Every structure is written in structure tokens, then in C-alpha cells.
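Take a look at the structure below.
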Amino acid sequence: MNDTARHIPDRLQSPALKAFKSWETLLLAVAIAIFVTNSFLSPYFLNAWNLSDATFNFTEKAMIAFAMALLIIAGEIDLSVASIIALASTAMGAALQLDVGTWGLVAVGLGTGVLCGAFNGLMVTGLGLPSIVVTIGTMSLFRGISYIVLGDQGFRGYPSEFSFFGQGYVWWVISFEFVLFAGLAVLYYILLHRTNFGRAVYAIGNNPTGALFSGIRVARVRFILFLLTGLMAGVAAVCLTSRLGSTRPTIALGWELEVVTMVVLGGVNILGGSGSIPGVVIAAFVMGLVTFGLGLLNVPGIVMSIFIGCLLIGVIALPRLWAMRRT
Amino acid sequence: MIRYLKSREALLVGVILALIALIASRFPAFILPSNLVNVFTDTSPLIILAVGQAIVILTRCIDLSVAANLALTGMVCAMLNVAYPGLPIPFIIAVALMLGAVLGAINGILVWKLTIPPIVVTLGTLTIYRGIIFVISDGAWVNAHEMSAAFTGFPRAEILGLPVLAWLAILTAATFFVVIARTPLGRAFYAVGGNPHAAVYAGLNVGKTQFWAFVLSGTLAGLTGYLWVARYSVAYVDIAKGFELEVVAACVIGGIAIAGGAGTIMGAILGAIFLGIIKNALPVVGISPFWQLAISGAAIVIAVAFNARAGRAKGRIILKRAEAEAQA
Amino acid sequence: EGAEEAAAELGNVEIIYTGPTSTTAEGQIEVINSLIAQGVDAIAVSANDPDALVPVLQRAMQRGITVISWDSGVAEEGRMLHLAPSSDALIGRTIIQLAADHLPDGGQVAVLSATATSTNQNTWIAEMNAVMGDYPDIEVVATVYGDDLADRSYREAVGLMQTYPDLDAIIAPTSVGIVAAAQAVVDQDMVGQVNVTGLGLPSEMAGAIESGASQSFAIWNPIDLGYAAAMLSYNLATEAATAEAGATIPMGRMGDLELDDSTTGAMANPFTYDASNIEQFREIF
Amino acid sequence: MQNLAPQMDAAPIAPLLELSGITKTFPGVKALNNVSLELFPGQVTALIGENGAGKSTIVKVLTGIYRADGGTISVDGEQVAFTSADDAGAAGITAIHQETVLFDELSVAENIFIGHAPRGRFGLIDTAQMNTRAQEILDRIDAPLSATTPLKDLGIANKHLVAIARALSVDARVVIMDEPTAALSQKEIEELYDLVERLKSEGRAILFISHKFDEVFRIADRYAVFRDGEHVGAGLMSDVTEGDLVQLMVGRAVDQIFPSRTHSAGAEVLRIEGYAHPTEFDNINLTLKAGEILGFYGLVGAGRSELMQAIFGITRPSAGTVYVEGEACTIRSPADAIANGIVYVPEDRGKQGAVLGLPIFQNVTLPSLAQTSRSGFLKLAAEFALAREYTERLELRAAALDQDVGNLSGGNQQKVVIAKWLATKPRVIILDEPTKGIDIGSKAAVHAFMAELAADGLAVIMVSSEIPEILGMSDRVIVMREGLIAAELRRDELSPETLVRHAAGIGGQA
């Protein structure tokens, strides 16, 4: 044994170089390519109002995607988010019938989201069930309750102030939803990449047993993540309900898979342990730009979905194919 | 013997019988043989798909593309029938099986050769397969009157009082009982899902086994595609939309462990029958159809909670005293 | 097709026909957004949800786009006018009349609707119930929903026949539902006992008429409807006419559309098809 | 089974299996470096070497589970190449692996025959024949098992018997046994020896890996010794003594390995009274003083790890109290234990000890995040500083602190885990098999460090199954057997014999 302690450098390569070689850079290049292509293909694309309208295609889904990203990094998943939107929206509609004011409605929406998240969280952490199974169940359950309450009816007549959340503009073409999306992106960035909580999320996703043995309160972190996801579904419910000005039990049908697609496209490992918020933000733009751009070319929606499906598999397959070719 | 009585399958049979008894106590018509045949026939597509999905889940994968595969294969069969009404039904069935297998193999290859997580692969192919239906059909429907009588008649034809559709579900179940119990591949599904690490030591190829699981699941989805389109005499982009989650739910209720390696084909079938009965009984019992979604959701949640309690692994016991007590 | 015919007639009109990824209100909004972005002159929409499209359509109108709804309507504040294929009251009466025609002694009927949220279905059923007083011997025993899915509708129809063994007729005011119900009746060997009627397309229902599962059904001409919608959009967009209560707006070969207090107008009466005329129409639509 | 006529008398026998120049590297570890090995028909070759010497790795290379980076394998003088366990089986090589690699959801017979089940009509598995043949093999090794039982119903020892039966289900000419007796009771071990004799007399070549010298001397004809992934010697058993083998294994005299230390126990730090668990352990009482190293000896499965994990808050005891520095404390989770100054270095490093996918510095700071953050927000500079302080103290070998722990060698991973705990400035550190799978150099470093910790006033509990380690390091030893404390021994009462006696429950008196 030598007496002079060996010096170990902090980093192997500079953070800038690492960032340059990252998934996010690749995705950003894709996003820029799509943006440029769109501007060439459609004369209507480069128009502030049109671009602003296009952001509505992804802002609400992206809000949920942030929380979902954390959840998936921690090795769990929540397929019930779209159903939570339906239930939260229904709860807001029911509160509306009781003459609850705008802020009351918001509270009801967020509260319902949190409660649903808590239910999922309890089932997963309390009973130790796999989250994919639990949330496939609650996916039917939550929307089912919405159907029981509403049947073939709908709620409408939300107060005009309420419409601000989904239809209001903060400044010129910058909508409230977009501001909220940007704000949440920053918050989630800080939460995941700059706090102890975020570190715990990565540790749990990498090795839950190891995290537990390192003194991390694994069950508590997981539970909070389900709460957060529920809360974000509640936030999305407020925005979407406001944007639609009404509630039906079919609201946000099928969004869960779109949100998961956004998260995976953003470079989050579906098996847990890695991923980043910037990745998800770029993925949200990619999906938004693709659907809007193809929409301008009047490509039917279902054909766009082929594109998204190929993108999802392609971005994951290409690096692997590349690696296979090199070995 | 006790082992069988205490098994999850026996429990599920009990629950199903209790459910039927409960419905029958208020609506005796429900247990008329003709109605039970109906319920079973109605549930047959779910049973066939659940068998395929069960195999995939056994190998630690999941196939979310089954419903899209079904719809695409169904559309191709319908369009073939419209274009060449004279094609014999066995040929159509062969096309359905083959196309289903190919679609399943695409999933399988991506999982095996590129090691992309199955949930991502099938999420992607789910949207792609649906999109392809739109492209080939141009969004148009194929309606009953365009299909030949033989095409739509096949699943309905009765043999010994049971429609062919129901017989096919039984045949599928029987075939896969044998495949699972008596073929090396069938046992490999359990081994690969139960302990992939050990599977390597046993000389099994994990990825390849998963590939075959996807092929089988795809083949069954293809078969169901033809049956579905023929039975309901219509094919369009959205048929069986969202059905994949119902299929997974049937497996989960039937006790197939989502972590792979544990569960039986019988369980998956019983899970499918359980969902089928609930679905069919609601209108009969007079419960508003709006309750259906919540009830099946609650059933899934309760079933998994229950399975988790029943299946909790018995720990190793070190203390001799405790061991003696446990064995007493 | 009808819209293309109108475009050809008008000469200077381009029709964009598009649809969403999925049949949800959110999907329709995305499509409408991209139409707004392209600066179209008029949007004619058949809505999945009467309320959810209102905000986006209002925005379209703010940007000077003519918005009308047709077939399945949008709430009043979200469009300039609504073109109903036929008057709701007429349809409501027609569907029960079709059933009553073959039930001289009265009996039990059930309704098989599409989705619980589809406006037009609900309106028609409400109109039908409003005139039930005229049919004292006929009892509506149930209303079920087949979600415009063939399998669901089929299952619901079978369920109806089992729950109500004395059922005499199923009214399905949806083209998916009526075909599925007719199929169910054939499969259940109930031809002659249960009569399926409602709204359906002659081409799809020809088989049911032949087999006797359906005695008769009604429908308006969808080609005419597309044509009328295009004509109306054109006339409003070119400011040849304005949509206000009581206004009369020309729709080419279909005559004029009269708007009521809720700026809704009916195109024409539904036409009844039975064994006597089905052959003539099955090839057309 | 055919009888490969014994040819013991034919003077220089040709080796049945010959390995030469085999090299295998893992990220950070050269597990095998240019090793060779020869196995002869009708003879037992004992492969010995310390933990991590590369014994199991050569087994995996031989059975097609790992592909070697270089070198050749020849069977009967013919060069072969394996790409899967199947190929090795076809070449007549079978193995009982160190880990029990079996399938809980399958029956005993299926476990034995998976991959090569007897086929009947239509190519289907002939279940009846499979069960009969499985039962025959089980009976042959005197395993009290039914072929149709589901494997999940068996205990660890019986599972090991199934693994042995599996190895015998193929008609192999080379049988490899990697520590086959580790999980077996004395009676089963005797039966295994009989089996080895029988295989020998049938002319098969046997590779027998063991850490137990008594059994090596009893059944082996030849020996081969690995040290740090290198082949350091081979020959006939009759030519060597135990001392020679040890010398070969460790490359130096045994007593040099352990640091000499003067034991000066301070005040009581930890006291446990009446600790019990419904199924794992009962009636545990112990005290621990500052600066003391308390050894915990026992056979594998004695419940030592369970007890330590209960003290650390992973599992909940059903009764009993923990006192830290005289004060009773409730420990419901590892976080509570850490708050009370108790930390645990688990035996399963990859699963429990380190988070392999995270960088070194993040692993080190994981339990100390409160120290390196301000109101919940990370301070990277502080993290690097803390990580550097402790990893450099432990002489960690790594390229950079942001390297993933998964890329380090086993010993260095262990250092990261220890560094992680030291950074929390604990009062009690529990080390569960601290040198398992660690190379010789690192092992000495860990020992030296343990002594240093004790000298600094830390109270240390060391769980170990290696008698030399227990003897060399502990001030006091508690022996556990079947979940109970079998004996507590002072340093002057320690000898290998007493330890083994108490651990096995044969005669209390020394």
C-alpha cells in the first residue's frame, strides 16, 4: 500500500462534451429538422398564431409527461392518467352544479387528481403490487366512475373566468397553458436534476433494494411520485376542461399511451433508472410539431400515428443498430 | 388434491360460479343453456387472445399490439373476401394466421434482436398497425353486404349446438394446454420468464423464446381478426380499439404474474370468462351500461390485490420451532 | 361525394376532407386548429361532442371563418347554423312510426342508440318520447348504447332480446346499430318476432330486408347532405347570405334551408325503404 | 449409462479435457489470465483458490455460459467451441453451478430435464418417462424428493440436490462441481462423496471446487490452484500438504494477511436485548463497545444476515430493544438506523450494497445527501468533495468519480460501499461478508481499514464464514446456529475447532 493517496478526478469528460453526445442533442436535431421541413412544406407553418395554436396539441399531455417521466425513471408507470383527467373533470363539473367558484373548481380538480394518485400509490406501495397492473385496473375504474356520474350527459356552463386556464393568453400569442407548461418544465427540471428527491428517484429506478439499503425511504418516494402524477393529471384536467368548456366521460380518451410515448421518446428508459426532463420537453415539441405539420398538409390523423409509431421505435432502434454494425 | 382446491384457478371457478348463481337468482333466463352458449361465444375472442397474451406475459413481455393486429388482419381478410369472393374459407383462415404471425414476428424480432423493451415495441407497432389499416382501406368500411355468405357464416355455423367460434376458442385452449405442458418451447416460456439468468445456464435462448411467444400471440390475434370481422360482419379502422387492455386484464385477473414465469393458461381463460360474464350480465341484470367500465375496473383492482395476498412468497424459515409450526 | 359535386357546381371551391387520429373531441380540435391555420374560408363540422368544440370554433369565427355544423350538431354559440339532415321532430316521429306500422296491436319496443354522448341520437330519442302519447299501445322498455361499435351493438341487441322475451321491435337510429341488431335477430332466430327498424343505409340494410329481420327503415340521402353543407358554407362564406333566426338560405338543387330560433334548419324528410324499393337504392348509397 | 472402462493403471493417461491460455476479462477485473487446466478420466481434480480467484468463471467458460476472450478448449484432443450451455452438454460436459440456477415454477423433474426432456409421440415431452427418469436420478443420489413436487416448495439444501441431479441427467464425461457441499448437511455431504466415487469408477473426469481442505484431501486425486485469475500450480494430491496448498493459494504465509492490532475497547455503544423474529431468529442479546470488532460466525443460512438486516431496519423484529449509547431507539427503516449511527455493508454487493447504474460520487453521498445539500437542493461541489475524501482514504482505483460503479471491480465496488457508510460518520458499522468475492490485495486493504476503523473508536460487527478472517480480525466472536446464539467466545477461547463445533451443534464443550 502506498502512502500518498491517489488522486481521482471528478469527471472523465467535461459536462459540455457529455451533453453534446447525449440523447437530448440527437432529439433536438430531429426537432429542428422537423421544424425546418415543416416551414418548407407548408406556407402556413411559420405564423406566430398558428404556432401558438399548435402548442395546445401537446401542452397538457406534456404536463403529465413530466411527472410520468419521474415515475418511469423510478421504475413505475401510471396508465390511469387519462382516466384521472376524466374523473377530475367530472368532479369539477359536479362542483359547478353546487355553484362553486372558479378557484374552488381548480381546487376540486387538483384535489381529485391527488386523491386518485394516492389511491394508485397506496395500492402499489401498500400492497406491493406492480404498478402497470394496478393502473390498468384504475384506468377503467376512474373513468368508469365518471361514466356512472355522467352517463350520457355532460357538464357545461363553466364560468367565464374559468376559461382563462385553457383559452387565455398571458401576452400576445403566449397562452396561459404554454406559460404553465414552461414553468412546470423548469420546476420539474429542478426537482429531478437538482434536488435530493430527484437523486432518490434515480437511485430507486436503478436499484430499489440498493436504495433501500442506503437509507432512502423508497415507499415514501414512490408514493409521492404517484401523488405528483395524479396532481399533474389534475392540472391537465383543469386546463383541458377549461379549453373544451365542458366535461364528458370520454374526455382525454387514450392519452395515457400518448403521454408514455412522449416520455419514452424523450429518452427515458422505460425500465427505469435514466432519463431527463429536457429530453421530455424536446419530445413534446417533436410530437407537437409532427402532428401540427402533418395536419397542415391535411394528412389524416391516423396516418400521423404511423409516423409517431415509427419515430418511437426508430429513435430507440437506430442507436442499437448503429452499435451492432460497429461490433 | 388440496393443492388443487386451494389453487387460484379453483378459486376463480368458485367466484365465477357464485357470480352466475347470483345473476341467476334474479334472472333465471341467464342460465338457460342457450344463453350460456351465447355468453361463451361472445367471450371466445377474448379467450383466444388471452391465451396468446398469457404466453407473452409468462416470458416477461407484454403485447399491446394484439388488438391492432386483430384489426389489421381482419381488414385484410375482409378486403380479400370483397376482392375475391370465391376464395375458400380455409385459405382466408390461413392468410389470417400467417399475417398475424408475421405481425407478431415483427414485435418479436425487435424484442429479440434489438432488445427494445416489449412495452415500447408494441406501443409503437400498435399505432403503426392501426395506421396501416387506414392506409389500405382508405378509411372506408367493409360492410356485411359486401362480404360473402360463406365468409360471415363460418364463425356462426353450429356444430353440436355450439358455434364454430366457440369451438375454435376451445380448440385454441386445448392446443395451448398441450403446447405449454408438453413441448420444450412451452416449458421454456416458464423458464425464461421465471428466471432468465438460470435459463441461460440451462442452454435456453431467452430472446428467441420471447420471439416465439410474440409469434404465437400474433398468430392467435390474426385468427381472431378474421373471426371478429366475420362475426360482426364489419371491418373498419377502429374495430376492437382498446381491447388490448381488456386482454391484459383477463390475464391479470387469471393470475398470470406480470413479472413473468408464473400463472397458467387455465387462469387466463377463466379471467376472460369472468370478464365476459360481467359484460354480458350487466344489460341482463338491468344495470346501466355506464356502470360496466367501473365494475370491470374494480374487478381488476380487487383481483390483483387478492392475488398479491395469496401469492406472497413464503419466506425461508430458519428457526426450527417456527418450521415445525409451519409444517403442523 | 356530395360536397365534391357542390364544389364542381360552384367551380371555384376546394374541399379539404380530413379527420382526426381518434374519434375524440380533442382530436377534432387538433384538426380544426390546422384548418384555421390554413386560413380556410369555411369549416363544416359534424361534431363528436356538442360542447367541447365550441371554444375552438368560436376562435375560428373570430378569425373570420364561416362555421357550420351538420348532421351531429354543435351548441348554438359554436357555429353560425346547424344543418340537420332532417327535422329532429320528424325523425323522432318517423322511427316510432316505422315500428308502429308493423305493430297494429301494440307491443314492446327497445331503442339501441350509438354513443351516450352523441347529440343527434339523444335529440331524436327525446323527440320520439315526446310523441309516445300518440301510441298508447306501444311501450319503450329500454334504451341501450352500442357506442357505434358493431360488436357492442350486437351484444346489446342480444341482451335486449334476452331480457325482454316479448320484445317486438328494436329501433336503432344509427347505421351501425341497425345492421348489428338485424344480424343479432337473424343469429338469435328471432326473425318475424322482432322487427328491426330505425335509420340505416339501403346498401347495408338490403340483406336485412331480404331476410325479414327488418321490415322497413328510413334515412336521408347522405350525398345530398354533403352537397347541402358545402352549398351553405359557400353561401355564408361569400356573404351571399347570413345565418340568423328565420333566415332562408339557398342550397342549390336542394332548395332552401329555413332556420328556426336556434339557427337550425332541416334538409328534408327521411325517406322510407322497404322490400318494395330497396333494390332500386342499394347500389346508390 | 455406459461404462468408460477405468484405465487407472495405464501409466501416463491422456487428459480428457484440456484448457490452455484461457483469458476472460470483465469491466475492471481480469477474472482469468492465460490459465490452463487438465482433467483426467476416472480422476477427481480439486480446483482451489481464494474467493474471486476465477474458479467459477472457468466453470462458466467450460459450460458455454461465458465466451473466453482467448485460449482453447479441447475434448479428447479435439478443439471445441461453445456458444451456449447446450453445446457444452452435447460435448459431454455438465456442471453443478455455485449458484442454484433453477426455476421455481417448474417441477423437480422439469428442472432436471429442461432443455433435454425425453420426447414421445409427435415430439411432445414424455412426461411419464421424464418423471420416472428424474426419480431414478434422485434415488441414485439418495435425495428424499419426489420428482413431481413444484420446486418452489423446496428448501435451499433440497434445491441444491436438484441441481446435482440436473447435472447427472446428461450422460456426461466431464462433471464439474462448484462448491457442491456448501449448502448441504453432513449426511448429504457423505452421500455426495459416495456419488463422486461412483462417477470416478465409471471413468468420468471430475472437477471439484471447494474451500474445505478436509474434503479436498479426502476425495481429490489431483489439484490445481488459481490465484487472482492465474494458474499457479497443479499436481497430485499425494505430493502436497495442506500448508503447501495454502501457500500456493495466497502466495504468502497466512498470518501475515491480518493486521496486528491492540484491542482497547471503550464505552458500550450498542446493546441488543431479547431480539426475536417469528421465523428467523430468537432470543438475541449482545453488547458492543467502541473500538471493538465483534465477529459473527456461523454456517451459511444460520440467520446472521437476517439478524443484521433486522438491526438495520430492513425487517421488523417481533420483540426486543436496541440501545445505542445506552438509549433505547426505535428502528423501523434503514433511514432510522442511519440516523442512530448504525450502518450495514450487505453481503450482496451488486443488489443491496451499491446502485451500480449511478456514478461513484452519487453512490457515496446517497445516505449523506442531507450533508451535501442545502434545503433539499443538491450541491455538486460538496458531493464531489465528500466522495473524494472517503474514496481516496480507501485507495479506490477508479478513472473518475463520475464513473458508474457497475464498471468497477468487485473490490473497488466494496470500497465504494464502505466509503458511503463512513461518510455518514457512523458509530456502529456492520460488515456482512466484507471480503466475499474480493481479490487478495483488496482483501488485505479492507482488513487493514477495518482495524483502522476500530482504532478510531468505531464499533464493528463483522459477519464472516471464513474462519481465518474471523480468527484474524475479531476481538470477540458470537456463533450462530439455526437462528439462535450458540456461543459467545472471547479471543483467547478461539480456535477453528471450537467455532466449527458450535456452528454445527456438535458438543458444546471446547
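Going by the order they are written in, the chains are A, B, C and D; count residues from 1 in each one.
Keep this in mind: a contact is a pair of C-beta atoms (placed from the backbone, for glycine too) under 8 Å apart; a residue touches a chain by one contact, two chains touch by 3 or more.
The structure presented is a predicted model; accordingly, all values stated were derived computationally and were not measured.
Participant: Per the definition at the top, count C-beta pairs in contact and tell me whether A-D or B-C has more.
Facilitator: Of A-D and B-C, more C-beta pairs in contact link A-D.
Participant: From chain A, which chain is the farthest off, judged by mean CA positions?
Facilitator: Max centre-to-centre separation from chain A belongs to D.
Participant: How big is the gap, in whole Å, between where the Cα atoms of chain A centre and where those of chain D centre?
Facilitator: 44
Participant: Taking each chain's centre as its mean C-alpha position, how far apart are chain B and chain C in Å?
Facilitator: From the centre of chain B to the centre of chain C is 36 Å.
Participant: Provide the C-alpha centroid distance between chain C and chain D, rounded to the nearest whole angstrom.
Facilitator: Once rounded, the distance between the two centres reads 74 Å.
Participant: Using mean C-alpha positions as chain centres, tell me how far chain A is from chain B in Å, no decimals.
Facilitator: 30
Participant: What parts of chain C, by residue number, touch at least two of the other chains?
Facilitator: As it turns out, chain C has residues touching two or more other chains at 19, 22, 116, 145.
Participant: At which residue positions does chain B touch at least two other chains?
Facilitator: 139, 290
Participant: Quick check on chain D: which residues sit in contact with 2+ other chains?
Facilitator: Within chain D, no residue contacts more than one other chain.
Participant: Which chains touch which?
Facilitator: A-B, A-C, A-D, B-C, B-D
Participant: How about chain A: which of its residues touch chain B in the complex?
Facilitator: Residues of chain A touching chain B: 79, 123, 127-130, 132-134, 136-145, 147-148, 150-152, 249, 254, 257, 260-261, 264, 270-271, 300, 302-310, 312-313, 316-317, 320-321, 324.
Participant: Could you please specify the touching residues of chain B with respect to chain C in the complex?
Facilitator: Touch residues, chain B against chain C: 27, 29-30, 35, 38, 42, 139, 143-145, 156, 228, 231-234, 238-241, 279-280, 283-284, 286, 289-290.
Participant: Once bound in the complex, which stretches of chain D touch chain A?
Facilitator: 312, 314, 333-335, 337-338, 344, 346, 351-358, 361-363, 366-367, 369-370, 373, 376-378, 384, 388, 391-393, 395-403, 420, 445, 448
Participant: For the complex, which residues does chain D have touching chain B?
Facilitator: My answer: residues 63-65, 84-89, 97, 101-106, 110, 114-115, 117, 123-125, 127, 155-156, 277-282, 301-303, 306, 482-484.
Participant: How about chain B: which of its residues touch chain A in the complex?
Facilitator: Where chain B meets chain A, its residues are 62, 64, 110, 114-117, 119-121, 123-128, 130-132, 134-135, 139, 237, 242, 245, 248-249, 252, 258-259, 288, 290-301, 304-305, 308-309.
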